[in-house]
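The following block contains the structure, expressed as structure tokens.
The letters A, B, C, D, E and F name the chains in turn, as written, and every chain counts its residues from 1.
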Amino acid sequence: MSGGFLNPLLVQDAVRRALEEDLGRAGDLTSLACVPAGRNAEAVIAAREPGIVAGLALAREAFRQIDADISFKTPVADGHRIGPGAVVAQISGDARAVLSAERVALNFLGRLSGIATLTSRYVAAVAHTSARICDTRKTTPTLRAFEKFAVRCGGGMNHRYGLDDAILIKDNHIAVAGGVKAALVAAKAAAGHMVVIEIEVDTLDQLDEAVAEGVDIVLLDNMRPDTLREAVRRTGNRIKTEASGGVTLETVRAIAETGVDMISVGALTHSAPVLDFGLDITIR
Amino acid sequence: MSGGFLNPLLVQDAVRRALEEDLGRAGDLTSLACVPAGRNAEAVIAAREPGIVAGLALAREAFRQIDADISFKTPVADGHRIGPGAVVAQISGDARAVLSAERVALNFLGRLSGIATLTSRYVAAVAHTSARICDTRKTTPTLRAFEKFAVRCGGGMNHRYGLDDAILIKDNHIAVAGGVKAALVAAKAAAGHMVVIEIEVDTLDQLDEAVAEGVDIVLLDNMRPDTLREAVRRTGNRIKTEASGGVTLETVRAIAETGVDMISVGALTHSAPVLDFGLDITIR
Amino acid sequence: MSGGFLNPLLVQDAVRRALEEDLGRAGDLTSLACVPAGRNAEAVIAAREPGIVAGLALAREAFRQIDADISFKTPVADGHRIGPGAVVAQISGDARAVLSAERVALNFLGRLSGIATLTSRYVAAVAHTSARICDTRKTTPTLRAFEKFAVRCGGGMNHRYGLDDAILIKDNHIAVAGGVKAALVAAKAAAGHMVVIEIEVDTLDQLDEAVAEGVDIVLLDNMRPDTLREAVRRTGNRIKTEASGGVTLETVRAIAETGVDMISVGALTHSAPVLDFGLDITIR
Amino acid sequence: MSGGFLNPLLVQDAVRRALEEDLGRAGDLTSLACVPAGRNAEAVIAAREPGIVAGLALAREAFRQIDADISFKTPVADGHRIGPGAVVAQISGDARAVLSAERVALNFLGRLSGIATLTSRYVAAVAHTSARICDTRKTTPTLRAFEKFAVRCGGGMNHRYGLDDAILIKDNHIAVAGGVKAALVAAKAAAGHMVVIEIEVDTLDQLDEAVAEGVDIVLLDNMRPDTLREAVRRTGNRIKTEASGGVTLETVRAIAETGVDMISVGALTHSAPVLDFGLDITIR
Amino acid sequence: MSGGFLNPLLVQDAVRRALEEDLGRAGDLTSLACVPAGRNAEAVIAAREPGIVAGLALAREAFRQIDADISFKTPVADGHRIGPGAVVAQISGDARAVLSAERVALNFLGRLSGIATLTSRYVAAVAHTSARICDTRKTTPTLRAFEKFAVRCGGGMNHRYGLDDAILIKDNHIAVAGGVKAALVAAKAAAGHMVVIEIEVDTLDQLDEAVAEGVDIVLLDNMRPDTLREAVRRTGNRIKTEASGGVTLETVRAIAETGVDMISVGALTHSAPVLDFGLDITIR
Amino acid sequence: MSGGFLNPLLVQDAVRRALEEDLGRAGDLTSLACVPAGRNAEAVIAAREPGIVAGLALAREAFRQIDADISFKTPVADGHRIGPGAVVAQISGDARAVLSAERVALNFLGRLSGIATLTSRYVAAVAHTSARICDTRKTTPTLRAFEKFAVRCGGGMNHRYGLDDAILIKDNHIAVAGGVKAALVAAKAAAGHMVVIEIEVDTLDQLDEAVAEGVDIVLLDNMRPDTLREAVRRTGNRIKTEASGGVTLETVRAIAETGVDMISVGALTHSAPVLDFGLDITIR
């Protein structure tokens, strides 16, 4: 399963900034000292543990920006499940260049594959239901597009990308606006025809108020499964439901079984451990 | 304990890019729709769990860039240990602006505090020894300076910042250079007088070769405690020792007790879970 | 009527690039030569013709970036209707600085007010109906957020901001996908729950196919009023309708009277003539 | 007739920013959903109305940045007159990439061709005289180099590019400096030998003062044809004359026949309607 | 004598890049280690040798960007002649911040003052003639605007700022164009009315050809004083003359006495030694 | 002898900014006017005086960015000694493009070769000793990485690259910290294991205090040869010595003979005269 699209302009920018961060002013002192100029090498990037791979385009770009003549071949694709030891890239070219780009490539690959892998575990836990797992805006600053791509690689679905592409009325907005109904009325008056409106409700009373006023999606925040099931019942077919808050791998199954359409999980992007990859020189 | 320095130019750049990412072209649709123009609000940022706070300067900058008139006061400082519910910032100003900057501020704060908190747990585990906990280059691309700051906030020490400020000869370099001695000879010939040289060794034989040739630091990779203890004995006083590889909160104590000077832990920056913070409107 | 929000970070960036473009390497040669250093001046920006003002924040920012001590007061607000000769800003400060920033300020103000003014004429023409006037993506490259703001100042509504915040299936997509139904099935499978789907149809047959499959909005392209009226009848209440193509101030009234919900007009942003403003020194 | 030079570095920068604006964080949702990965397409860009083409290099760059493998062939060149339906580019490559770059390419092409076309109408209206049509600094912020190129494509001549490459003393400068003579004395003292000096005069008395003091060019502002003719007579051969203010396609002929050397027209860049182009998939 | 204008936007950009270069990722390790947080200091910047000061705005900006609360007072102004030991700035503020910005401030100040000082020596050497000393495009990449400002601070005059603000036909252009006359005809056909045309001639024959065709300025390249004098005689009053090539402090007087209008000196910007400044802490 | 590494990302950035500075908005007016479109040319870059070449990669990049089809061959390499008239590059391609990139290429090449050449003279003067010549942070703002590369091309060694990659305690730090011992204690407590510590001492008493406390390197500031010799004697083998201050080509030999390990020379980068190169069209 592929994660679909990764804007190539964003890939170029992010990799460039990451390389500038790692190479600094003087470059890779170690490779320059220890590796003879002009020496070629072949290497592989291999997984040290099983998971879902994501971010190969960023790894490829890291080597390309250091040296456009490096060959970078990928026997797998983003979204593929891999076992421990699996080779995800075969690299050949100038040895100094390969070693200089290694860490940036692995840092992107490990982080995004970690997100994809964690997502896939949530997705598997709810596979017997119709619920979809989706992400949040709790992403690493400046890496959101890549992390949302990784969520798709893991089988998840994306929530909104920013403050500007959908309306999500949360508790603080409701408080300032003066209640659920007032907030929804204001949102509908302001939103254009291309904008989806979602509102967070904490209680069934708030839910009823939202349903009465009408809205595209309700976010059911921190509700227990019983309450969720009742909330799903009250919303009917025309309003989608999203569960959120305190979702873990232990609790997600029960939540999914309540009939909610979506379950959003902040941990997918804010707390996924890295998936461990290493680069090994194979021929020198 | 403070983490010391955070380059203000880097803070400005990173926060700006993060806000551009979140606000997009159209800005915060929800706050613009639901919050009346000119409405003021007071809010607090509170921790939802205990830990070490890090990144307050980034949170402050997020509000400042959206609206320079927002007041942002911090009753604690980076590096402070906080309990659950602790307020780390008191905010006052235009309600729309406060809500628009919220997520960027929390994303930085949660991630960096998560790193500081995890670091502090490693530091506590080895507090009865002379070993120092330090980080690696396995950081989030483009956020390295902030993550290394967070490690210091947690009581850790920084390893090198990039490929350009120290020499670290790793297994791939040794392989290409033709052995430990050859790599060290090359590194010493190339390095200026301001550059520290460290070499990774996997065996005691490699260690002996490094000690014989002379080096500033040896990185003892993936050795068991018994081997580490013997390695420390062989290096003597003039060469520092660093243990690395497979370090966890379960194993770090035994590693520290072998007498190594440093223990480097990639997980500090690549797998620390977020520390949960929330923003609550208190007066509106 | 105000246009609402204009992302301050985008304003800063655009004004900075515009000033760099106009000042070049050597700055304002004329003011430096002809205006004594330290001389103060008061000036007004006045409209040379009636219309709707838009872009005051960009004008203000131009003066601020050249000299933060310049006072810039606005007796009107974006979205206000003004008569010929109306003063929209009163400026006071260093005379060189005022004259150096003049052209950039006027270029933004004239262009955006031109868009707001043209929009207001379309809006007035359909005011007796329920149809809303909206913009397109036919905007000036890199100025889209400002031009969409100007459309709102003129009473219009915004269509999507880019390729990434909504799905709009056009004739080329339908052709490649293999028909209306196939395109819609693919879009629904790919779209997350936060994404609105719209499809362009050229005939009533295509419309029927879209209605049968289900979609959020149909764009009725280049249809005559009779056909539009029939199309509105066939879509019913659950699908919104948008008319597009060949809309002019002469034709828009008849189109609106067919009952469509929206009318999108590319000319609002791609062909609006500037609204003429001038800066006059009043005291020197 | 070609417009000559378009700085390739500026082309790259502007197209990149325009693509980032249109693709956003998530890319072209519609093409990704409706167009199968790997599908190729052939397309043409065709004019929907007659005019002068300008901006092909920007259109080409848009496709190149999205996908360097797209073939982009142009049967015409910038500055060529084209009829309705004329094909100006033949494109072949990945269908998703072609559709993703379409709007940015068309937005640049339509805007610049609109400027070239309007310019050519002014140029034609004065072709029986020796007067040249030239532009002003009333250009779209950040697109000045391209718009001045388009003016050349239409047969016009460029006035100064910014505040820094020539001196143009306007009414506000004269007022602050204390008169025509004082302003000219100051300008000559400050200007280096590589800088042309022009002064705006509103009356024949001001003109006489400028001629007496000496200057390279006089800008005759808002004068009627009779006055212009007299002004030309008084300036003689050594000073060039430029007419400005209230120039329209209706009035430009009479102005040109007064014998002025140049006629500057702000409308060329601030109010030119777009020239309509479309992209049509021809083979899929 | 002041150098006039220095674009504040360019100052901000250049200082920011310079600080980022010097502070790197980790900041000023030494000051952070050795200077207690919160300690204040007063300091002066003093000249270690006599000369002309230039670049105070850049020095001021360096301290401002590190800490906006630092006070920076200048008892002299750019263009002033100073003796050895002269204090050019009094600084007060946070000690760490003062020391962190010191080197960037001094590097700009020393380099630009060195250029101003060398320029002033050339200017003094020709003060008894009407010849003006001017610079070339042989400047430090990316610092041209500042170096041309420094030339003005030293009493010199600026030649063109770039390839785009004047025409200067050099030997290579003449060779490709097919001779002096052909090059001039082409240049006049292409140049707008705001563009000065200069041509380089190596012989009196070439000069005669240029005079016959007409041009604004002739650059007399590498001619001996006798030849220069004859060249000045042949050009008459309507064409300005510029001597260039092999100009040194030893030869410039004789060149100036030939009657040429300008003498351009590449060494002003490409080989001026720094003027030595130091920062001394006075109160701590 | 090669200078080793030059970060290709920094080369791309610096050349791009330099070209933007020189080409401005309108490009190379002269070449566009005088050189027919499509004309090819061959050219050489030749040294006008003997020296050490440095910066060929930047020259190459200047031509590549203007026109990727230009051929640029280098018969020599950075660090090579060349005689007067030596050809360092053979260039072939579009004549306009070659001439447009010429000045930027020569400006980088001349400046860096000037630094390499001056460095080589210092290196030659001390070749009979074990002292190494090294640079300082007195570099051209934003060009430090290139200038330090040029120092290596001339046979010199690099001192630290910025404030962040080593600790150098100078007189101002000692004064604020309260003495040599206090400063060293603070530095050791703050420095990580990857950071070298150096301290500047002005007297033998300060030196003794530094030796007693322990440090990696002592910088002996402005000491006479006799004092330097005594200082070297007192430091012994474990602490390296660096002489600094008032070093000239006349004094460096005597300084080197005192036995110091390094001699740092600010003039290498802040006052090196350019090495003169020219570009000659050979075939057109």
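Basically, a contact is a pair of C-beta atoms (placed from the backbone, for glycine too) under 8 Å apart; a residue touches a chain by one contact, two chains touch by 3 or more.
Worth saying up front: this structure is predicted, and the values here are computed from it rather than measured.
Q: Between 0 and 180 degrees, and as a multiple of 5, what angle does the rotation take that fits subunit B onto subunit D by Cα atoms?
A: So the copies are related by a turn of 180 degrees.
Q: Copies subunit A, subunit F: same or different interface, half of numbers shared as the threshold?
A: Looking at both copies, the contact residues mostly diverge.
Q: Among the chain pairs C-E, D-E or A-E, which one reproduces the interface of B-F, with more than half of its contact pairs identical by residue number?
A: D-E
Q: How big is the gap, in whole Å, between where the Cα atoms of subunit A centre and where those of subunit C centre?
A: About 33 Å separates the centre of subunit A from that of subunit C.
Q: Mind checking the centre-to-centre distance between subunit D and subunit F? Centres are C-alpha means, answer in whole Å.
A: 44
Q: Measure off the straight-line distance from the CA centroid of subunit A to the CA centroid of subunit B, and report it in whole Å.
A: Each chain reduced to its C-alpha mean, subunit A and subunit B end up 22 Å apart.
Q: Considering subunit E alone, which of its residues make contact with at least two other chains?
A: 4, 21, 23-28, 32, 144, 158, 161-162, 164-166, 190, 195
Q: Is the chain-to-chain touch network here best called a line, a ring, a star, complete, or other?
A: Chain contacts: complete, every pair touches.
Q: Which residues, counting only subunit A, touch subunit E once they are in their complex?
A: 21, 24-25
Q: Going by the contact rule set out above, which residues of subunit B touch subunit A in the complex?
A: 14-15, 17-18, 21-36, 39, 41, 43, 95, 99-100, 102-104, 106-108, 110-111, 114, 137-144, 161-170, 172-177, 183, 186-187, 189-191, 195, 266-267, 270-271, 273-274, 279-281, 284
Q: Can you list the residues on subunit D that touch subunit A in the complex?
A: The contact residues of subunit D facing subunit A are 16, 19-20, 23-28, 32, 37, 65-66.
Q: Can you list the subunit B residues touching subunit E in their complex?
A: Interface residues on subunit B, with respect to subunit E: 2, 4-10, 144-145, 148, 158, 161-162, 165.
Q: Taking the touch rule as given, give the residues of subunit A at its contact with subunit C in the complex, in rising order.
A: For this pair, the touching residues of subunit A are 4, 132, 134, 157-161, 164-166, 190, 192-196, 198, 217, 240, 242, 261-262.
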